[in-house]
Structure formats: C-alpha cells, structure tokens
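What follows is a pair of complexes built around chain A, which joins chain B in one and chain C in the other.
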Partner chain A sequence: MSNKKAYFISDDKLNGFIESLNEKVPVYVPQRFDRADGTGIYTEYRPYGEGEVDLESRTLLSVKSIFLPQCEVILGFTTNEERVDVVSEAPSDERVLFSIRNCDFEAVRRLDLLFGWDYRDEFWFARRENTIIVVNICDSPLDDKCFCHWVGVDPVATELADCVMLRAEGGYIIWRISERGDVIIDVLDKVGADEVDVPEVEAKGFDNAIEVDGSHNALFEIFTDEIWKVLEPSCIGCGICTFVCPTCHCFEIQDEGSKRVRFWDYCTGYEFTRTEAHQPRPRQYQRYRQRVMHKYSYYPRRFGVVGCTGCGRCISACPQNVDIREDIVRLLKRAKVIK
Partner chain B sequence: MTEAVNIGEEFRKKARELLRKGEINAVIGYKKSGLPPYSKPHIALKEDDTDEFIFDVNCVHNLVLYVLNYLLEYPEDKVAVLLKGCDQKSLIVLAQESKIDRERVKVIGFGCPGVIDPRKVEGDEEDAHKSLTAENVHDKCLYCDVRNTPQADIFIGEMVDIKPTKERYFREREFYGKKSESELLDFWKGAFSSCIRCYACRQVCPLCYCDICISYRNMPQWIELSPTTDNNMLFHVRRAMCMAGRCIDCGECERVCPVGIPLRLIYNKVSLEIEDKYDGYRAGMDSERKPPLQEYSMADPEDFIL
Partner chain C sequence: MVENIYQPKMMRVIEVRDETPTIKTFRLEFVDDEDRKNFTFKEGQFGEFSVPGSGEATFCIASPTFWRDYIEITVKEVRRATHAFHLLDVGDFVTFRGPYGNWFPVDDFYGKNVMVIGGGIGIAPLRGLIHRVIKERKKFGDFCIIYAARCVEELVYKEEVYGWWESDDICNTTLCVDPGGETPDWRGKVSFVPPVLEQMKPSPKNGVVVVCGPPIMIRLCMEKLVELGFSPDVLYTTLEAKMKCGLGKCGRCNIGDVYICKDGPVFTYAQIEGFPGEVW
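Take a look at the complex of A and B:
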C-alpha cells in the first residue's frame, strides 16, 4: 500500500472535524433524532448538522436512501411565456458519505449490478459517482442481529472504499485508500489529528455462520412447497423490512401535479404495483415468499451474489418479530441443503 | 415470572382439544420470540403446533387482525382465538360491520392482568420485559374496564378484579389540554416529518381492511404518495376520520411505528369527540348499539352542510 499513514481523531474532536469537512464537501453522516413519542431515538443518514452525530448505532434506514431517495423528482417542467421545457437532471454535486458499514457498502455495490443491467439508471449512477465513501469497518458485530458473514460480506474489507475508519479507544482511526479520500486526509491534517500507524484489523465474534452461498437453485426448487403457507403467518405486509433494507430497490413512478416522482414500493404490501397494473401475488404468504426468494434465489441466479448483505435491519425493525435468518434456516432444511 | 397469569397450560390443552375434535380449523394465540417484545402471534393448524402457545405480559399483539386475515383467506373455516378484553372489542366492531361472521370465531377469554408497552422499555435488558411494573405497563391497561374478556365463548383461568386507576384517555386529555393550536400544529408537523409511510400502522390495525386504501388511490389521486410532511399529515388526518367511532385503543398502530409517532394521541382524541357528541358511544363496548356513523336518524342535525 502506498500510503501507510493513518490519523487518530478523538471523540471530542470528531464533530469539529466533520464540520470542517462539511465546509468543503457536504457530509452525510448518521445522526440521532428523538422519537416524537419521547420513548427513545432513531438514527439516520442525514446532511451534517440536522441531529447529533452517532456512529455506533444501526441506522433505521440504510444508506440506500442516499443513492435511491425514498422519493425523488425524475422529471418536471419549467414554463415561461414562450415555451415549456422538460427538466430531468441527475444530481451532480460531490458529497461525502461518512461512516458506512460494509454491509451497506456491499449492498450498494450489489445494486450497481441491477441498476446497470437492463438499462443504466442515470440517477443511481450519478449519485454513485459523486459520493466519496468512508467505510467504518466492523471488527466485531454491532449486535446479535448482524449476519453479514452468512452472505459473503467481509465486515473489515477496505479495498473499494475511499477512506476507512475503525473504532479505537476514545475515538477513530482513519486512513486513506483512494485518491478521492485525500480531501478527508487534508481536513484531518488541518484539524490537528494525530498521526498513527494503519492498524492490523482482525474481525472477531462473527461465528456460527450458515453458509447460504450456492443454495439459490435448491431454494428455487421449493417455490411451490407447502412450507411457504405456514412460514411467516405473523407478517402483516407492511413496508418496514423493505424500506429499511439496503438491497430492496423496488420503486414506483407517479405524477404528482407537474412532477413525475419515483418512490419506494414494497413487494410485501398488498398494493404493490396494483395501482399501475395488478397485484401479481394476491396472498400474503406469496408476498413474503417474494421478499425471501428475490434475495436468496432470484438475485444470485441472475447476478451471482446474494441479494441480502446481513445488515440485520429487517430483523430489528419488524414489528412482528419476523427473523429472516430463522426462515432461511427452515427453508434450507426443507430444500435439503442443510440438516 | 414471565407467565404472569397462569393460563398458558390451560390454553394449550384447550387448543389441542378443539383441533382434535375437528370443529375448529385453526387456533390463534401467541408464542415465544427471542426478540422484543419477546412474543409473536402463532397459528396452530395441527395439534402439535399447540405446544408452542404461551401467554405472558408481553403478549401485546391484537390477534383479531389474524382472525380477519385468516377468514379472508379461508372463508369456510372456523377459528378459535385467545383474546384480551381490549382486543375483543375490535372483533365486535368487525362483526357490526359484517366483516367477520361471529359464528366462525370461538373467542377464548381470560382475566387479563395487563400487558407491557414495549416502547417504554425499548433497548432495556430482557429482564425489564419480564413482569409488569409502574414503568412498563401499557397506558391503556391503567383505565381498562374489560379485563375479563366480554362475550367469550370459552373462559379459561380465574377472573381478575382490578379496578381502573386512571381516567380513560388520560394521556390525551393532558396532551390536548395544555397546548395551543399552533403548538399542536408544530408538534404534529414535527412528528409527521419523520413518517416513512411504511403503512405498518395501517397494516396492523384490525379495522383498516379496505381493499385499496384511499392513500393509494390514484384515479383520482387523493393523497400524494411521496412521504413529505404535508402528504403524511393528510394520510394521517384521513386515517383518523376512518377510525372515528371504530378505534378500540388496542395501541397496535403506535407500537409498530418504526419512528415512534404517538398515533394513539390522534385516535383517542377522535374517540373522545365521538363519546362527547354521540351520547357516550364507545366502539366495541356494546354489540347491540349501532355505531354512530352507521346510524341514520331523521333528527340528525345537518347544520354543517349548509
């Protein structure tokens, strides 16, 4: 590696550092917000300054919202006395995405395959290209809901990031990987962060994985199995698991006034594609099957990678305690992939 | 002491017996879960499935939703369901609206000591979820007056005799009593700005059963689908109208909201208005009394029309 230098930024200097960086390039960073009912907090990636920086909780929504916003105008009009112009502009301003985990980063890369597949989604790739990525590597799982190691994600991978950061006693160690990361290093220099060595990182605590890679065809075979009907009767068909998921990418497009808007849709809900055409899966178990099969069978069949990166969000956010890991284990047993 | 009331064993036995006799196709109850709130709805179709049934203070879910969904799927079947008194009220509402054939449902009732509000102990260790305390008890349980499931077809365990200690909807009375209109608007704008329109509140509500919700109709489009603060507010105001005289305060909508929007503040306020304007009407309390918005009387004032 060409650059062996790393910087240590202590917790008390972290905000000052992000603020200085934000003056140069807008920074998106996980921040905490109070819940309206006063029972706690949730964290989200938002432009710096909206809330209180919190890099150690699992964000409610994944970084997907940074590349595929929950709603965005993809087409609009401007009018003046002479003419009507159609405007459709992908965003181009550079920004920094600070402190994303490898499950999310990997999810975004797996989605590149999809958004570049039958047509090139210019909005997705404009945002991909204008974003400098700082990965916060996980040398241990955030909690017992993380299972990236089941689905081929390396929690301490550093190669494809622009900069990498690691939690250390009292702060973070940050180092540069690509040229685009220079802007971060410059600011670290400016705010007087201490120089340290690039640490050796070893991931601990990622145990007891069920290897799901390679089981997509076996799962495909049990599409019509009776097990689906009894697998998750408690699923209510809301949008939570798909909205929080970094790899769910379904969207719908509608006109709102003079704007054409694209926004997230979700296969688990009974209204999925129904207002445009019809609902292809009239039963709730079929809709839940779609979510599981898309991730663990169809996606790997088409793109060679599992469409889930084990971030654990759907598990922690599902109000009815649906745990996709339990279901995958049951399905793999049914498909005779594991005992 | 997770098994706060000792009905688990009796319920398992009863469920097994009902399935064995064959007059019931499915029994709906709760099972244990490893994640908060440490319980989960469970549907037993075979006798052996009944072994998993439990009941404890974490069994918050309103199972009437599952009765409705099951019967929509299998309209010829019969189900038995374990219902807390509060949840049972939503079955009454559904029967009044001819959405459920009460003959197809066997209600298993019991004396409920109260349940935990999982939001009050969110993030706490599992111990905080184990028994009822002043800190974790659900608000609705403090003014519950239907602790022994009314209209139960089968009653298991002992009746309980616990009197309400708070005034009904005390949280709402306090909340609206203190705030000016502009403060209220600011509060709700703030709350709805965080709504992600996942519709979990709608999906979990046993009384939200429309085939296509008005929030999704697009010919014409009543409510825009982008989750902006204004659109979200419109969706929620609209839903409040749907709930008028129907919400039974099971609290499920508020529990499932991933961003913690205090939705009961809305529906309970509407319930207070209904109670006030329609001669003390309370949804699901009396299956004989016609719901105000289903009833027509020649004496209805129409001063709001012209």
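Take a look at the complex of A and C:
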C-alpha cells in the first residue's frame, strides 16, 4: 500500500463535486445528450452542465475536439482602403478535462509529435498547456471493441496525467499525480470526500493482443499488394471513422467571409487529394489504404509511434461494419508478420 | 499566443500580366518594408497565397532569387481561390505565407550540363532556376531548355521563352506543341516531349535534368531519360500535391512517410522511386 493519499467520491456526490470544480475552473466532461429527434443518444466531451454526466461509456466523439476543434477560426481580416490587417487570437484559458481514458490521452500525446515537429502549432499547444488532465484508468476493457493493448497503450498508465481516477464500488477513487492536479484535490477536500489509500491497479481482460508495433516496414512493403482491392468494397468513404478517431488530425483551411477557419477533413473522401490537374487516389481502396497505412505504417516510420490508440470508436461508428482489427490481421498475415 | 504559424504577411499587387486565356502572372511586393528586407527564398520554394476571404492556394515562387524587391507568381484560374486572383488589379492586397519546402540544389549544378524540361504551366517553378542559370551562365556547362505546351496559345511567358529561343549563345531551346496545337506560322516542333528527347539523345555524362509539367509528362520524361542512361539521382522534379498548411500538419500532401510540403516539393527520380506510389 502506498502512503500517498487518495479520495473517494461517491456517485451521489459526483455531480456536486464537478459543479464545485467547475466554479473554479471550467470542466470538460463526457456527457450524454438526447437527440432532438429521439433517434438515440450520443456522448462527447463538452463543458460541464450541457448534458447528463456519463463517465462509464465510451464517448462517441473523442477528446480530439478539445484540442483541435472541429471548426476553428485561425485568423480574421479587417479591411479598409489602405490595407488589410490580419488578426489572430490565442485559444482559451485554463480548463479541466475530466475522466479521459488512456487511449484518448495517448492519442493527444502522439499528436504532439505531429503538431510540434518543425513548425510548432500554437493553437494545439496553447490548449495542451492550459488543460489539466484527469485520466480515468481502465482496469478492464470498456467493451469488446477496445484494443489499446494492440497498439502499445497502457490502459492503467498514470505517470503523465495531472490526476488519476479509478472506478470503485459506488464511486470513484481520485488521486493527484502532478502539481497541476492540486486544484482537483482542493475541491475534493472541500466537498468532504473521504481519504483513502491509493489503490494498486492491475489491468485485466486485455487479452489476445496482436502486436502491431514494429510492423510498419512490413506493411509499407505490401502497399502495392492486391489485398487492398479485396478490402475495398467495405469502405464507402463516408469519413465517420476519421471523425470519431482521436488521432485523425487532417484538416482543411478555408475562408468564410472575413475569417480564415480550419476544420476537420477526411482522407477517405474523393476531394481530399483532388486537384484540377490531378487525382492521385481516384479509387476508394487507395483512399482506405491511405487511412490505414498512415496510421500503422507512415506515422510510425515518421514519428516512431503507431498513429492509432485502439479506442475502438471507428469500429462502432462504421456503417459498413468495417472492423479495423480484422483488416489489420489480414494485412499482417499478408505481410508475413503473423501466421 | 507566441506565434501563429498560419499568420500570413500582406503583399500588394504591382503588376498583372496575361499569359494565356486562363493564366495570369502577378508581381507582388511586401506591404511592410521590414518584411521585404527580411525575406529570402531559394529557387523551387513555394508559398501559400490568398486573396483575403477567398481561401489560400499553393503557388511556387516563379521569379528568380536575385529580383530583390518583388516576387512573381503564375496562376491558372480553376476554382474559388484562383478565380479571386484573376479578378485582382494593381494595388490590391494578397496574403502570403512562406517560403516553404526545399529547393533545387543549384549550387550542385555548377560545372554540369543542365537540361530543363517544362510542360505548360509547369514552367513556372522552373523559371527562377532558368533565370539563375542564365545570370550565372559561365558557371554551368551546356544549357538546354525544352518547353512544351498543348497549343501555341498555352505557352506561358511567351516573350521570355521566345527570347531564350533566339539566344543560341546562351541556351539551346526547343519549343514544342502537341499535335494539333500548332498555328500556321509555328516554327517550333509539333511533338510530345519524350520523342524529342529520343531524337536529341542528350548525353548523361556530367548532366542534370530538371522536369516539371503534368504528372504524366514528368513520368514519361523520367522513364525516357533513364532509358537514355541518366542516373535517377540526377533527374529532378518538383511535385504538385493538394496542400493546405504547407507546414507538415494538415496531412494532404502525405505520400508514404513523406510530406511533399516539407520533404519536397523538389525530389529526384531516385527518391520518387522509393515512394510506395500515388505520385503520378
């Protein structure tokens, strides 16, 4: 048993705790929303108070939008006769990102490599630096779609978070890791959470992993293989997998009136690479290949980490029931990495 | 915020020239003297240009590095952003981010026989290089230009090109248009480029070749040049890809583990052969 102190917050006090915390620092927390048309419910990270807090299901949308908003103004123009001025504003103040899973947290850290290499994207890093992260560690998979253990993510990692929380019977145990986590602990103190010991955590149920790490060069070699054409009929290029994905970062920049905005884009769509003169990926299998290869081959070749953190969202979102794990297994077999 | 990498500098249009019915060249100068003083680039680099409110587009800098006070870009009108460019008058503002990407290693070409092959608007990224070679003519061996377009009307920089054509002492220039694209008084060749290369049989000895044009033309020229004995690592091209950021972030120009905007746009044929595909 560790000497460090942790706090237990029961389910019935949870909302009150988040509310008190939200009074000090804005809290982004997974919430559940009823769709207006009654067709279902979806969950995503939003400022506290917009929906019903739900910490135990996989959010439909990842935390990506907290750092790379779906649509964001990167600058504006003010025009007069004499000149055009360009104005840009820094992203918002400090906030708490509460109850994020290690797959999402790892995805954000892997994207740091992209947004930081050579040119540093200050929109990304300003948000990274002003966000206090509370990781909700997974001692077991959320459901059968989780595969973080395939791609080198530790579901119970605690080191890089500011605070860590763990589901316990009737509530959550929360403890501090970094100084920035003090604000959480202060509020826990104030709302009268019980002091407990920091638990020893062991992840269970993450079995039958196919080790993807290290196969990027073998995958690169099967770029021209016929297998991609076999996979093609599954993907219709709708782009929902990129939309829900925590590591899909490709974006578009356009002008809307006097604002220049950037917004998410998707490589599985025809327009992604089309120019008037040339379309290097005219077929759907080429665009699906780009998405898969970018994650499992190009990204590790370039940045040394797999561009996927196994959150499983693309599997649940795909209208064609494409299970990326099945395709990975087929590809790795083709590349003779596994038998 | 420390620095917004998407923040452009303002430039002003100081000259507009019609090149073809759909292509114009714009001469631009920085609005702020400070920007003008600090600005340097190298032959083959590109930038992100925009008419504010109409979106950014990627154009190579089509003027040589030793023109100190202004740069030029050559723009073909296709969709929204380029359409806005074609409506510009002298005095209008545009934004510019750059210069981005790598460049032609011109210093490595010193003492070598240089061949430049352009197709259509693909001559634009080569123009700075051509001017540089002409200016420092004595530092290079033989200098040969092949410029091809679909038809006579589609030749860009006509005045300059005809000037090069007539200056046999500076460079050996061949102009060609595709079959059917000639006019009655056309004195150049009527042919695609690969047959011209076949006929000319340039010597691979001590030679470098720089090609830019439509993807299919680049590929066929490269194949022909390899057939003629050129080593793929002395064959240069500059690749066009859809780009949004120019900074290696947006993922558009990603081919294999290469970002065209960061690792290119200038590549040798040897490098391109190492790409998984999707170039042409």
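Structural remarks
Heads up, the rule we're going with is that the second predicted complex is superposed on the first by the 315 of 339 C-alpha atoms of A that agree within 3 Å, B and C clash if a C-alpha of one lies under 4 Å from a C-alpha of the other, contacts with A are read in each partner's own complex, and residues count from 1 in each chain.
We adopt the following convention: a contact is a pair of C-beta atoms (placed from the backbone, for glycine too) under 8 Å apart; a residue touches a chain by one contact, two chains touch by 3 or more.
None of these values were measured; they are calculated from a predicted model.
Once chain A of one complex is fitted onto chain A of the other, the partner contacts of A:Val86 are limited to chain C, with no touch recorded for chain B. More residues of chain A lie in touch with C than with the remaining chain of the pair chain B and chain C.
In the superposition on chain A, A:Cys238 contacts chain B only, with no contact to chain C. In the superposed model, A:Arg274 makes contact with both chain B and chain C.
By the touch criterion defined above, A:Gln254 lies against chain B and chain C together after alignment on the C-alpha atoms of chain A. By the touch criterion defined above, A:Ala126 reaches chain C but does not reach chain B. Overlap of the chain B and chain C interfaces on chain A: residues 252, 254, 274-275.
The touching residues of chain C, counted against chain A in their complex, run 1-8, 10, 31, 50, 52-56, 76, 78-79, 93, 95, 214-215, 240-242, 244-245, 247-252, 254-257, 262, 276-280. Across the interface of their complex, chain C is touched by residues 74-75, 77, 79, 83-86, 88-91, 114-115, 117-123, 126, 220, 223-224, 249-255, 257-258, 260, 262, 265, 267, 272-278, 280-281, 286, 290, 293-294, 297-299, 301-302 of chain A.
Against chain A, the residues of chain B that register as touching in their complex are 33-35, 37, 39-43, 45, 61, 65-66, 69, 73, 119-120, 122-123, 187, 190-191, 194, 196-200, 202-204, 212-213, 216-218, 221, 224-228, 254-256, 258-262. Across the interface of their complex, chain B is touched by residues 33, 35-40, 42, 60-61, 70-71, 230, 233-234, 236-240, 243-244, 252, 254, 256, 261, 263, 266, 269, 271, 274-275, 283-284, 315-317, 319-321, 323 of chain A.
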